[in-house]
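Letters A, B, C and D mark the chains as written, and numbering starts fresh at 1 in each.
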Amino acid sequence: MKDSEFIRGDVPMTKEEIRTIALSKLELSTHDSLMDIGAGTGSVSIEAALQLTKGNVLAIEHKKEAVDLILENKEKHHTNNLEVVMAKAPDGMENIAEYNKFFIGGSGGNLNDILELIKNKAPQKSIVVVTAIVLDTMIEVYHFFKDNNYDFELIQVGVNKIDTTKKVAMLTAQNPIFILTGKVK
Amino acid sequence: MKDSEFIRGDVPMTKEEIRTIALSKLELSTHDSLMDIGAGTGSVSIEAALQLTKGNVLAIEHKKEAVDLILENKEKHHTNNLEVVMAKAPDGMENIAEYNKFFIGGSGGNLNDILELIKNKAPQKSIVVVTAIVLDTMIEVYHFFKDNNYDFELIQVGVNKIDTTKKVAMLTAQNPIFILTGKVK
Amino acid sequence: MKDSEFIRGDVPMTKEEIRTIALSKLELSTHDSLMDIGAGTGSVSIEAALQLTKGNVLAIEHKKEAVDLILENKEKHHTNNLEVVMAKAPDGMENIAEYNKFFIGGSGGNLNDILELIKNKAPQKSIVVVTAIVLDTMIEVYHFFKDNNYDFELIQVGVNKIDTTKKVAMLTAQNPIFILTGKVK
Amino acid sequence: MKDSEFIRGDVPMTKEEIRTIALSKLELSTHDSLMDIGAGTGSVSIEAALQLTKGNVLAIEHKKEAVDLILENKEKHHTNNLEVVMAKAPDGMENIAEYNKFFIGGSGGNLNDILELIKNKAPQKSIVVVTAIVLDTMIEVYHFFKDNNYDFELIQVGVNKIDTTKKVAMLTAQNPIFILTGKVK
């Protein structure tokens, strides 16, 4: 889905190329249940909800403004299998045992707690995908995956894009994103 | 879908991150019909066929070895809405008017003819996505889209990946790919 | 030399990592003579002039504001072997036969004329380096080098940098630059 | 200097674009003294020695094969201000107080000891540049610079290059390199 299909306001949104790769790393099947932690505008939640025709999504987000946007986007895209909870994770993750896919787009400083909770309470072979723009976030997740002997992947994606609305065709760089994918043991 | 889900042999295959972005640029709806030109191992065809639950895919490929792989992959993934034709495009594109999405992963030197045919015979607003690893291919498509006043997008994607099977975690670069997306007028 | 050593005003300046690579592609010896075409702030001119202890630099720049900056930077760095001419190249290139190194950072739309002039009037084995941020500039130079059978190199350089003045360490992408290097036949 | 100007054998060598950026980050003045730790083929040592017309370079390298290459390259380029010592750093760094520039291209597992030694024994404002291809190396240096409150810079450089000896012009990616630069307090 294109970025333009989402209502955004001022909330930062994962760019479409990164979102589509992150979603593919979740290896979604139609029956899966996804927790979207730090859901932002809800773009990952919405796109996942549309794929999970027999599954469901829980979006956890602590900023009021962002929660409102997710609800607007939910209505726009008719994703009734998407539930939104206003909380700062790990709050809001109580039913974690019912989820097998986890996307962490933001962690509000609780990244390690969230990863520990997933490790301890999520079903075996659950998949966790983290997108990181901050170097320290990437390092924290990389160390967590290594220390816990996860089967994991770490990629860095850079996208350059021409703005065809401008007179001259310059390749403009988006900031590179790290995408880490780990499998709960 | 992961690269490992496809039978490949020695035929080069679009890497999964690029394939997933290219597919997203096609903006597939369930009813669409996709022509996959220069289909290679058929990885794009298969993944698209699975998404097009009420649509269909035509894979055009002129190398016998690759056609065999596509057929094997078709069987493995039970994609009955995928048809394979052994031809060198624009041969094999006779029913073009029935297709509204076009993916060009390889053109065997006939790129301009293929783009012209799509321009002249495909339905308005059809979407064409081209992945290019060769600089001259990118230039040819860029000029075609500009000269024909297409609404288009040009991105370049670079992916660095850590090989977690190795002792040291080195970021290894995949070659950058240009992805061009144009809308037929 | 660091970017901060140059007086800049509002004139765009080649970033230091790109400048240092571009300078290395010129393979400067102490006796060389460099024409810096579209010299901007003069950062390439200054850094080259300091290396050309027995050579000299001619900076050609048509914007008054930029010429003033070059003169200020010349004074700051005491580069008496640097001459500045206010002209729009190929104007100002009259003494081309006395130069064996050419850097083109901007061409004001006359790129092909400039490249033709260098081809026809510069000494054999002169080296031409072009930095391009605009796709069409890269394509024009690439085609010129190929069509004239130059021995050439084409690289694209992407630099991500952490802004250590900020609280969080984000890798921020600079726009990618093409650097083309050709040898006059 | 171009990679082709160095005798290499099978010893890995920093690519020219990276070497030229790394050297620029050292901010060499003609009087400086550089320690090149894990000198490999000696390409950084040689290029620095040529710039340090009134200074000197000490190359430290523990592999016999590499030391031989450095000596061959020293002879080829007539760099008499370059001394080579066969040792595994921090061995060989005894005269550290006489050096004000440090380049670490390889550390043989002793990176932290080397950084500590530089911190404790090198003159204030000495500059340390580390190139890292391994993620853990980058992380270790990043943390060291942060923990010691160094004024530092972290960049990542990616270079794509066309191999003009081949029939088709493909942009081939070199593996991305992290370059960290810190100033001793």
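Keep in mind that, in the parts below, a residue touches a chain if its C-beta (ideal position, glycine included) is under 8 Å from a C-beta of that chain, and two chains touch if they have at least 3 such contacts.
To keep track of the chains, here are their UniProt names: A, B, C, D = Precorrin-6Y C5,15-methyltransferase (Decarboxylating) subunit CbiT.
Keep in mind the model is a prediction, meaning the values are calculated, not measured.
Engineer: Can you spot which option in C-D, A-C or B-C is basically A-D again, with over half of the contact pairs the same by residue number?
Structural biologist: B-C
Engineer: Where chain C and chain D touch, do the two copies share over half of their residue numbers, giving same, or under half, giving different?
Structural biologist: At the contact between chain C and chain D, which are copies of one sequence, the residues are largely the same (over half shared).
Engineer: Could you tell me which pair, A-B or B-D, is linked by more C-beta pairs in contact?
Structural biologist: A-B
Engineer: Per the centroid of Cα atoms for each chain, what is the distance between chain B and chain D, given in Å?
Structural biologist: 43
Engineer: Just the number, please: Cα centre separation of chain A and chain B in whole Å.
Structural biologist: 26
Engineer: Would you give the residues of chain A that are in contact with at least 2 other chains, written as numbers and ranges?
Structural biologist: Residues 135, 142, 154, 156, 158, 160, 162, 169, 171, 176.
Engineer: Given the complex with chain D, which residues does chain C contribute to the contact?
Structural biologist: 1-2, 16-17, 20-21, 23-24, 27, 142, 151-162, 164, 169, 171
Engineer: Spell out the residues on chain C that touch chain B in their complex, using ranges where they run on.
Structural biologist: Those in contact with chain B are residues 135, 139, 142, 154, 156, 158, 176.
Engineer: Residues of chain D touching chain B in their complex?
Structural biologist: 133-136, 158, 160, 162, 168-176
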